[in-house]
Every structure is written in structure tokens, then in C-alpha cells.
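First the structure, which I've put down as C-alpha cells, then a few questions once you've had a look.
By written order: A, B, C, D, E, F, G and H. Residues from 1 in each chain.
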């Protein structure tokens, strides 16, 4: 049960349309359910107001399918699965409705939201950064945000980024995705007036050290509104961008 | 350069009034000027509502005072000065109205805003993290946010943090400040439903490596809404928290 | 010959039930035996009071089988083999009685102890940490300890851990296993009153640097009773937990 | 929140005496309060037998004195203060009874325990490691343990350590303190049958990197019973050694 | 359109041989063209005066071929493709004229320049450094430079390098390629009077850390004219050497 | 004797205006002169065609003065002294004509060249980078180059850099000086058509690690013409820029 | 260039038979040729008694075979090939007499020396270190040294090493090979009175960082006679041990 | 413990004159005492010919003086004190005959040996490396070796080193001392036929990381006879050079 459903239930109680008895029944789930190898956190939806997320990279297809089933059975409308292999996608889609994106390796099981609010912009420095960017973009869409994509706009050809300055300047949250020297975050951060979530990627070689060069650059950004997530963590950036965008979009 | 200007330039070349050398240079510079510069500069003008910020650590008292004077003369109501030594505070306060906070080493020159909207919560793990936390808190206040402080609530005594869970759960942005192992960010991130900006501090010794242990912990946080700024960067965290909180508070 | 057997032999001598001659014969082993590629340390059982252990990762199945045979021939009841491949398990089980666990990759050759004393609790942050945790748990069981397992209780969903606080607070030794940001150790360390042996795991990606982030976090733990072993060293943690638990359980 | 409380809350909502907003917040906070807080806080009360500890390094003399006074006023018999400067010692001893040790920089305010049980042995590789070793030794004594000191017994002169093998083999917990290459931990770990808590020190120069070389060596120890604490963390090692020794000594 | 073509066009305009109308048409391309996954930067040739370059390592054979076609269609005479797999070479050569070098993995699509000016010398320490050196050499040749190769002239056999001192002393730019300890750059830098571009390679093992040892050595070179590019970045070094050599060779 | 003087002497010999006898006398210096604590390299001027340079940081004022005297006595017109303390400047100026610049801490002893050719542009990201930039600029001037300075043009305020694009595009060599995230090098490298020598500075805090973040960013620059020198090595960058600019300016 | 040659060169210039350009180049190259090259080359001839060595890891079987043939054709009695794959061994043994050792992966082509002088002892901590140790041992034998092997004598079972103290104390050079914590070097260094060459190995996992832990430990050894070579560099250690042993054995 | 002693122990147990507890302890300690201790201690006596060494850096002047007095009282002719402050020198020289060298900070207390055998050559790259080099040289002299010094012979001016090739080629041991890029070791290693002990120094700035760049370069040296000691460890290098030189010089 996510926060939205809970509030709606309470409204019904307040309005006298649902009895205390029925409401108690529906609220009386354990905050988590232990399914042997994992604890499904049913309270998380209430606590944080968003669908459950499964980090698929270290789980077997069977484990992913089992957890997803349990979550959806708990009443959530959908569950996001990241770092999901095509094999896992096959397994899950045999048991549950699944929308799977092969570039970002993100799957949405259940019934995805159709809502799209505000404006989250996802920008990459190069073409190789696109899979990470798509993880952010698909995540943000699954969480109900409008997403604009600006790809291959690295700072060594500044006009490519400048030609999109309109989008940069009107976003409510921006995800800046770059490997190598990660300079994109600072340039975007200097142009934008909304929070910029920087995602260093492991794209590069030699002294990029698997994304460390970009990570350090982003942490040291001379632009004030830039915060950083882990290397290649497109999901985290999309999630945070959604928190920011939806919060600022709610009342408009 | 629009079609018209380009044709005019070529006419000049054809007429021998502009040399090939000069024309080539203007054509090389074209995409920067045409697409970007004007917009960037224009946008900058629009953003003037946010106070300017001076990073005081690497400037002399005289330089700080001079820059602050110039900014205020430009019409800004106030200017935030971070990492400001008491000596610099003396110098500036001799020339301009200044409110100086010795713990955070932040000064506000000019006429600070009285506005306070929404709710930003600043949490520290230990008492030694307070100066960095205050940099965040004072910054956020100077930018017009209500700030709640929860200090010395490290995770090795969980009851200290849990007793503040109401504030954690009703904030619109949280700044989590911790040195040593930086676990605070993950615990807070798991409780909150708003963005958490984590600030690693250089508090610790030995294998804390001046804040690296906390930085890495925060980047690897298992909680989804956590992003990270540079070690000891209280200002940056306060600034981002303000962007998030004010954006979500605007229309309510 | 382990310490227990030696003491029993000496008791017999003291009681006059075994002659000096016979005792001398049984004690007259070399402190170690050189079998070409390895020196089997027959004295270790006497010195440290526990079964021999073979680190299987860097040995061929044949080498493992040969060393295990030699140790059991030396009179030890059982030998623990860690990081043992299924192939090595096949090889050894063709020559010796073997109990093999595929998750932890630990094998016990010979006749395992049936004794179970005290209470060692093994906790993991996520499901991906389970193989390392099982290495600790199976080791501790093989050394004669009662083991309680609490898995997938990471700090971003604190209630999952809190619901087990009874076990945490009544253990005589705890093994806390976590990758990513390793915050589990600090939270458990703050709740427990017994020694906590923290095991960083290589679970994670990007700035987890193969377990370094968790390792540093654990070394910097703000909780006082936490000590740390090498990344993924489940065996070491189980071994130390056994030393602590058995020592404190002996006389009760 | 048990079934009863939840029903009562819903009744209040139905009756319009509690708003939906407030009810939603209470349901979000529920698992933390219900499961954890009370137990954690209760358990903390039970543990009051162990003296409180103040980490003095980052506090002013006044802060230390004030905290110590408050703790003793709370009924604890004594409080341990680590990394205490002589200045802080002066300040505190002007206000409270204090036993201060200048080598370890540890102070005991209040009435120290006279109890001494079991046997903790503290060993150093060199003379420069003594201050860290004394922090461990004085801590362990303040917590009621018998402490044996073996100093300057580094492995490049093996006879120095071997001449103390009886103490090594009869301890219930050993603290091994070494900088430079940290080999002491492995050699002691191979001789002892009790847990060895290894403390890397920042003693050394060049490629010792402030204790990193010793830290890594100790984490990679080939001896099984060795766990590690932070660089120069004598207090932590003494504390853990006390947990181990006292637990195993209780019933004898 | 590269700078040379643009200048020629302007000369024609100035001379009245091309009308303003026709020139405007040819200049009226967008500075870049968006082909979905990548933005082809047509303005780069004008801005920097050299052929486009495709970094092949992270692109599929199809992507490489598509981008190359688009660039050549834009009027450039040739395009350099680095880190190109044999598979990509097959794909491209089925669609475009391609000259492919299997050692350096560099391909030149289109009609390579025949021009060769000045003198760029490429030196390696060992035979294993040759692929990186060839990337530099083939790049420099594709950009119109005479290239001298001196391979396997590491400093532990100084006579090998000294026997080539005439070439070292008469070059206009030198590329020094070395792994392991990277000492070559300092020795060459001390002999030469032209800029030395040092390329650390990942050749080595153990404490070479994939080229870090050589990188640090080169950054700390005691010879004044040495600058450094990324590990294994033969292309970058050849490109810079070309900029230097061609600039100094232009007017002679 | 530098290369220029030597060539002039040989011209005189060729022209019969100087006898072989006289020329031999002037050429008959040792390639170096041993003055006890240092070997003055009289051949360097001939080999590399530039004035001698003394790295002042690790030498006493007396040593600097002695070496400078010896070099000037060898016939060189001037000697550059870098990292020179005011004390050393006092000492030297008491014995030799000296022009000393307190910001860059560079001194020129003897008779500085008046020549100024071509165009070297030195750009900084922030004001704190200016001392390093001045070391580059003063060095380049001392070596006979025209120098343009563009300071405080960091990428978070792109308009500051774009307003100087003409200088960027018409330089023959550019020195890009930046600390923190070092993004300046990539942006400048994308705009310029000449070699860019990037100088990371130690400006920054926390995860800038004394310039490492900027260093890595610059090594990973996505712009092709960028090479890198050691952290804070303004002299080296100015020296290389001079080699490039003078070589390309010679014949025009 | 002596006075006479220089005068002759000047005469040629004066006579117009040598251009100023050529004369300037010869004068620039002069100190290298005059002082160094000849001597270095001459000395190299003298050293021909030591067999040549081929580092096989980065060469194809064909390259190895070709180089080995060439060396033997040059008159050397044998050539040592390290890091040689079985495939390369096959290739070479089809063309030349070859003695190949599969454990150390060292091959000796040609006619190996039968000489064996002095005493080099090679010690390992564990069985996994044996391949590196054998590289040292086989190398030392190929260079004419008596070699004693002591394997699996790690310091956690000290009696295994102590039982060989006679060999340790009578060696003329010792190679100590250890991964993990590398403590062996210090213990052996404290027992021996000859030089100890320490070889860190990449044996280990987690915080051994591929041999870095052992490397640092060995560099920080508290024993005075220990020097260190690269991780896994058995060849280098065997070579140095041979230099030491043969030099000290020569005249006895 | 031989058979006889063991039987006697058992007789005592049988007779009730020794408890089981005590017997068990003696059997646990047995391999250490029996095999090792006596021999180690005996051997130490034999080695008394080499002077004792005191590492002065971490000791007070009083401690140094006291230890030196005790050693000399034990019969040693002299004692070497390294890293000795002038204050400590004052203190010691007031109590004992002392020869103190202020550059290397080495003192020799007692009656230094007059013997000088063989030839140890100490070479530095720059003048700043001299203090470390002198520590090696003075140590080697104090241990009875002839020492040749070649200072400021860095590889960027190769002729300075080449002019000393005679000394390089006739030494029995060479100490190569260099900071920055540490290339000296490889060049010297390629010229010499004796062992080269490389000492990285902390001379440098920026990416020299306090000597790490030189350390890594030396560990990766492409010359075969090079081994390495800790950063700035002149003493260790001088000590090892003495072991090598004296051993090879003994019988000639």
C-alpha cells in the first residue's frame, strides 16, 4: 500500500464511507513480510510514497519474479526492477505483466502509472552514457514525471548543449550523466536554476579509473546546485529527480 | 548568425571590405555567440533574485569586502559569504552591515531576507559535525527557509534519531551531516520521503582519511533518495536543500 | 590432536589409567609434517584448540583432498574447508566423508562436532550478502556454536532490524555482514552489548570499490564494540565469533 | 501499534477528531515506534553498568567537564575520557575527582572500579606504539580487567616475543599494537588461542601512509583469530578486549 | 567542412568566382546534425581545422559506419576512427572506402590526405608499447605529418636511445610512449628541444597499476618540455603532436 | 651559451669574421660544471635553445644566488628562478640584477629578453588559480612570448569564457589553469584550434585531494588537443606553451 | 668531442664544407656521444657473460622463438624466458633446445650453465606463493646458484620457519615470497644476516588489493636488510639474489 | 622438547607433581621453545659485530642517550643513530663521544670503525635528494665501506651521469636516490652490473604524492638488478649496500 492509497482510505473513513472495521483490516499488514531470502518492505510505500524497487543485478530471475509477485500482491500498482537481465525479464513476464526496456535494463511489473507531471531533463555527455541515462529517464517516467532527453551534448562541443538551453533553464530537476572528465555537471549546473543530480559513469579508460575521475569532478563542481550519486547509478538519479520535480509540481 | 547576417558578411568579403582571415574567424565563433551567449547572459539576469555567494576561504579580507560592496552596489539585497575568517568579518563589518556567525563562519552582508518557508531539517551524527551543519543551516536560512536542527543523533544510539522521526518524516528536504562512517545518511534516507542531501565531514581519524570513508559510505547508500556533496560542503547542501524546499513550498 | 584430546590424555596419565609410555607414543608427533607443497601443522590443534582449516580457493581438488586426509590421519575429528569449489567437493567426498554446503562453499570433512553452545547471531544488510554470511554461519556451527540468522535487515528499512532486537541484545557474539555503505555494523554495534565482528562484502558497484567503502565505514564505526575482518572474510568472522561465544559459554 | 490502538486511531478519524494528515503521519511512523524505540531505550538502561565514554579529541575542556559532570550526576560511578589534553585534564580535575594518564591521554573521572578479572595482554611492536597501547591498557583496566603489558616485541627480533609466549598463550584476549608493517598481529595470532584485536598505528614514515600499511597487513592476516580496529584506536581495542575477557571470565 | 575548405570558399567569394548566394548555401548548414544517438559536429572542422574523429571503442560497427557516412556526406575528405575493431572495419569497408591498420586499430575512411610536413618522432620504451605508439603514428600521418618511429629504446639500455639522438634533436614534436616506470619521457625530454607529449601505457604488472606508475612518473618529469595525456591515449598524443608540428612547419 | 648565440658564432666562422681559434676558445666549455652541491648544465642552452631555469623551492637563498651567478658567468643573458621566496629574491638582488614578481614568485636574473612573439593565452577558472597562472604567464614572457590573460572564467558562468572566444580562437598556445573539477580544460579545448596545456591546481578542499580531481578530469578530457602537466606546475605549462608558440611564430 | 675534433669541425664550417645547421646539430649532440655512448656500449660487451632474458608475457610464441634464436646465434650459451606460456614453450622447443618449467613458467633455451655456487634460499609464506617463488628459484639456478627451497612457512605457524633457521642463517641471499600481509619478510629479515629480497605476491583477496598490502608491509619492514621488488616479480628477485650470492661467493 | 624431556614431564604428571593444566601449557609452547628461541638468540650473539642502530625520529634526546649508553656499555664499539635532531646530538655528546652529521642527521656514538672496504656508490637525481643520500652514505661509511658520491646527476641532463659511468660500472653496490619521477634508478640499473638499491625520496610536489610516484617508478623499473626500500629510507639502503659490498669484498 503506498501513501496515496492510504490517504484515500483514511479520507473514506473520515467521510464515513468505509467502516473502521474494514479499514483496520486493510491496514493490518505486517510492515514487512519475510519470504526466506528477502524481507519485502510493505511499509515502504506508505513511508516514502513511491512504488517498491527491486535491484535486479544480484538476484536470480526466480528471486526477482517471486519478490515482484509478493509486492504486487500487497496492493502496490507497480514495481520497478533495475539492472534486470533479459533472462529475468523473460521469467517475470511469464508470470506478471511486464514492460521491459533493453537499453536501460529497467522493467516495470504490474500496471505502470500513466501520470506525467512537471519536467525532468536528462542530459548525457556522450553516446556511451546513454544506457545509464535511460535508467534515470525510464525510472523517472515510471514514477510519473515528464522527461526530456538531451544526449551527446558534451562540453567539448559547447554549441550542442547551448542549443538546448531553453530546456535546461525550464526544468524542475536535471540529471546530468557523464563519464571521462565529468565536466558536463558543472556547465549544466551553471546554466540551470533547479537542482542538478550528477551521475558519473564508468565510461572512459586509463585514468578515468572506472568513473572515479568523473565522480571527483562532479563532487568538486564549481556550480552550487549540483549533488552526486554513485557511479552508473541512473536509477538513484531518476528517483531523486522525481522526488524534486513531483514535490515542486504538486500544487501547480 | 542568421542567414541575413551571414549574407552581409559574405557581401563584405566579396566587396573586399572584410578580409578572408576576419571572416573565417567570425564564422568559427558563430555557434557560440549565436546560440548560447545571449541566452545564458539573459538567464543570469533573471536569476538575480537569489543572493550572490562569495567563497571566502581563498580570498583576503580586503578582496571579500570589495567584492561584497560591488555586489550590493549592483542592487542585490544581501550576499552570503562562506568560510569567512573572523578577520574578514571585522573588515567587512567596518564597511557594510554584516551578520556573522562564528560557528559556521558564514556572514550575511547587506539586508538578509526575513522570509522563511517550508521545512529543511539539518541532522548531524556527532557534535563535531556541527560547524558544517551550521554552514548548511545558516545558508538555508539566508535563502529564506525554515530550518529544524537535530544534532548529535548518530546511529550508534538509534533512539536519539528515532525520537525525532516526526521531523524527519515531515521535512521537504533534509541535510544529513556525518563524518566517521557516515551511516546517518542511509538511516535517515530510509525514514524520509523527501530528498536527503548527504554531507560527509572530515571528522574522524585514521582510516576516515579526512572524510573519504563517510563520502564513500554516502555514495553507496542503500536508501534511494540520497545524493551527496563534497566533504565539509555545508554550503552546497544548504543551497540544494533550499532549491528543493522552496520549489516545493512555493504554491502551498 | 586438538587441545581437548590432549588434556583428556593428560588426565588419564594423572589418573594412572594411561602409562607414560603410551602417552609419549601418542604425543610424539612432529609439530608439523612436510608433504612437499604444504606443511601440515599438527600442533595447531593443541595450540589453538580448534580443528584445522584449509583455505580452498587457491588449491587444486587433489591438494585439498591430500591435506585433508593427512590432517584427519593426525587424529583430528574434522577439518573445515573454505572457498571450496563443487569440483573439489566431489574429489574429497570420493575419498573422505564430507558435508558440503553450496551457498557458503564450505565443506566439513571427517566427523563434524554435534555440540552447539551459546548464541552467535549472523546478520546481513541485503540478500546479496548471504553467501558471505553463510560462510560465517556454517563455520561457527562447525566449531560448535548455536547460530541465529537474520538476513536482509539493512538500515534503510530500520524496522526490519528493530523487529529482531531481542536476538541482537541476547547474543554473545554477532557477525554483521554488509556491502555497499556498511552502515549495518554501526547500528548493530549500537544495539548490542557483545562484541560485533563486522564483515565488509564486495557487494555493490561503482564507488563501493569492491568492498572498500564498507570496509572503511566499518573501521570508522562510531559504535565501540565493533572490530573488522577482511572483505568477504566470512570464515574469519565465524571463527572469531566462535572464540568469543565459546569462551563466554564454557562455564555456564 | 497494536490492533487496538490502530482501531482507536481510525475511530478518531471517523469521528473527525483526528485529521487525515495526522493519521497518515502516525501510520508512517508506526513501525519505528512500535517495534524498536522502546526496546532500544530500555536495553540502554540495562547497560548502565558499563561506564560512559567521552571522546575528548574534538571537544573543548569546558565541554568535556560539563559532559562528565552530567554523566556522574546521572549515577554512573565513573566516566572514561579518551584523547584528553593536559589542559582538559586540568579543567576537569578542578571540578571532579580525576585520574589522568599522560602517556595514553586517558582520564577516569569519578570513582574508578577496583575490580580486575581475567587476563588481557597488550603487546606492541616498538616503543613508539606505546601511547596507543596504553590507551588500550588503561581503558581495559578502567573497565575492570587484569592487564599484562609486553612492549617493544616486534617480529624482527623474534626472541623478544617468544620469551613471553606463556603470557600470550594464557590470555583471554590480546591487543596487538603495531605500526610500520604490522606483522606482529599475524605472529601473535598464530601463537594465541584467544581473540586478537589488532590496532594499526600511524607510527612509520613514507609508504606507511599514516598507518595504512599496518592496517592492510592486519586485515590480511594469515592467522585466523585476528580482527582489526581503526588506526590508533587503542580505546576501541581495549573496550573489545574487555568485552571478550569479562564475558569469558564471569563464571570462573 | 573543415577550415581549409571554408577559407578556400571565402577566397573564391573575395575573388568574385563564387557568388554570395552560393556561398551562403554551402555555409548554411547547422553547426551540428542530430542523428538520434549522436550529434555529428559539422562545425568542428571549421573550428579546429582537422578531420572529424570517431572514438570507436564504445560504438557498434553499425553506429560507426553511420556516423562516418554522415561526416563524409558533410564534405570532409576523410574521417579517422580509433579503437576500431576488425568487425567494425569490415562493416565500414562494405559501405565506404577504408584504410585500416590492425596494430593500431585505427581506420581512415574516405580519401586520406597525401600531405606530409615537418617531423614527428614516436618513441617507445618496449615492444609491448607499439600498439599505442602506432595509434599515435597513424593518427599523425592521417593528419598530414612525416613520422619517424624509434621503437624498443627503453632507458635500461641507454645506447639504444642515444644512437637515435639525431632524430630526437631534429624533431618538431615527439611522442614518448612507455609503460612500467615511464622513465623514457624524462630522458627524451632532457635531450630534445621541441615539445614532448608523453603517453603512459598500461603495459606492466603488479605495482604498475594499469599505467598509473608511468603516468605519475611522466607528470613528475624533471625535464621541462614534457606534457602528458591519458594512459594508452596514443590518438591524443598523435593529434597534439600534429598541432605542434604543422603549426611550426606551415611557413617554412 | 644558448643555441642562438652558438648559431651566430658559427655564422661568423662560416663568414670568416671569426677565426677557428677564437671560436674554439668560446666553445671550449665543459658541458657541465660541478659546483659541489649542484651541476650547472652549460650545454642545456645549446641543446634546448632556452635560458637556464632554477627550481627555487628546495634551495637556500645562497644556493640560488650561487647557481645564478655561475650560469650568467657562462654567458647566458638571463636565468629564470621559479618558486622563489622573497628572502631568496633579496639575496639574489644583492648580487645580481633581478626582476622579481611576488604573485608568481618568479624571478628573472640578468638581462631579460625584450622579444615578444605570437600569442599565448593563459586562462583560469577562479581567482585562487591566479598565482599558478602567473607562474605560467611570467615564464612565457621571460621566454619571449606575447601573453594574454583571461582570469576567473570558470565554466559555471559560461558567459565569462564565451565573451573571450576571439582570444581563445586566435591563440597559438593556451594554458588552462583550474582546480576543483578542472572542467575548464575541456571547454577551452573544444573551442580552440591550438594545443591546450592544462594545469590542475591544488585549489579546492575535501574530495579535490590537493588537485587530484582536477588532474584526473584534465587527463580524461573529451577534447582532443589537451595535454596535462603536474599539479600547480605553472612554469612547465608556460615553458611548453612557449615552445609551441615560438616554433609556430618563428617564420611568420 | 675533443679539442682537436672541434677545431676540425670549425675548419670545415669556415671552409664552407659543413653548413652552420649541421655543425650546430653536432655540437648539440656532442656530450652524449663523447662521454657516454661508447662507454655504455663497451661495457655492455663485457657483461655478455650473463645470459640474456626475454620477458615472455607480452610477446607471441613466434616473437619469443625469433628473439631467442637471434640471441643464441649471437653466441650466448643460453637465454632465460620468463612468463612463458606452454604454447610458447611448444613453439620454441620445436626450433631450439629448451628446458621448460610449467610451475614457474620459466624456460631456458640453449645450453644452461651447470655451475652452482654459494647458497640462495627461497622461502614462501603459503602454497599459493609457490609459482612466484619458483620463478625466482629457477632463475637463480639458471644463473648458476645453489638454491634451497622452504615453502609454506608462513608466520602464523612460526615453528615451521624456525625449524629451518639453520638455512636462513647460512644463506648468502634470501628471497622471501609472500602475499596477504607479507609479514614473512620482516621475520626472515630479523633472523638473517644476509640481504633479503622481498617479493610481494598477488595472492589474497579483498583488502590485499592484488598484492598491495604485502608490498606496503614489505616496504615498511622493521628489519634492516630487506629490499623489495614489484608484485609477483620472482624473476627480479632471483636475479638480484644471484648478483649478491655470486659476488660474495666468487673468491671463496 | 625431546623424547626424554617429554617423558619426564609425563612422569611428573603421573606422579601428581605437575598439574594437567601446566603440562598442557608446556606442550602448547613446545615447538617455539624447542626449535626456535635458542637458535635465534644464539645467532643474535654471533651478529654482534655489526653496530647496533637506533631510529632516533620517535625518541626523546634522553631516551636516545640512555639507549646508546646501554649499548656501548654492552661492549659494542659504536652505535649508529639515524634521524637524530641537533638537540638529541647535544644531549648525547654531553654523555658519550659522538660524531654527528647535520645534513644526514646521522650520529655515530662510541668509537667508529676506521675500516673501509670495496666500493659503494651513492647517486642522486637532484640537490634536494642529498640529505637522504647522505643518510645512506654516512651509514655505509659507519659500517666500514668506501663510499663514492655522485650528486645532481638526474636523467634530464644525461651527460652528467654518463660522465661518471666509470664509477657506476665498477661499484659493488649502488644506492640510487631520487624523488619526482625516480627515473634515475632505471638508467643506473641499466648501466651497472652490481645490485642497485633504489631509494625514492619525498622530494617533489603535486602528483609526486610525497614520494609515491618515485616509489612506483622504481618498483616497475625495466632494469633487472634494482630493488627498492621505503621512501626517504637512506639508512636502509646504506645498510643493504654495506651487506652486499662487504660480503663481496671480504675475500679479495
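Annotations
Simple rule for what comes next: a residue touches a chain if its C-beta (ideal position, glycine included) is under 8 Å from a C-beta of that chain, and two chains touch if they have at least 3 such contacts.
This structure is a prediction, so every number in the text was calculated from the model and none was measured.
Chains that count as touching both chain D and chain E, per the definition above, are A, B, G, H. Repeated interface: F-H and one of F-G, D-G or C-G share more than half of their contact pairs by residue number, and that pair is C-G. Centre-to-centre separation between chain A and chain E, using Cα means, comes to 40 Å.
Taking the mean of the C-alpha atoms as each chain's centre, chain E and chain H sit 49 Å apart.
The distance from the centre of chain D to the centre of chain H, with each centre set as the mean of the Cα atoms, comes to 37 Å. Within chain A, the positions touching two or more other chains are listed as 3, 31, 43, 47, 126, 157-159, 162-163, 191, 206-208, 212, 215, 219-220, 224, 230-231. Every pair of chains in contact is given here: A-B, A-C, A-D, A-E, A-F, B-C, B-D, B-E, B-F, C-D, C-G, C-H, D-G, D-H, E-F, E-G, E-H, F-G, F-H, G-H. By the touch criterion stated above, chain A contacts chain E in their complex at residues 126-128, 130, 151-153, 157, 159-160, 163, 203, 205-208.
Those residues of chain E lying in contact with chain B across their complex are 3, 6-7, 10-11, 13-14, 16, 20, 23-24, 27-28, 31, 43, 46-47.
Those residues of chain C lying in contact with chain B across their complex are 125-126, 154-158, 162, 180-183, 185-187, 189-191, 204, 206-209, 212-214, 216-224. Contact residues of chain C toward chain G in the complex are 31-32, 37-39, 41, 43-44, 57-59, 63, 200, 202, 210-212, 215, 230-233. If you check the complex, the residues on chain F that touch chain E are 3, 47-50, 53, 169, 172, 191-195, 197, 215, 219-220, 224-231, 235-237, 239-240, 243-244, 247-248, 250-252.
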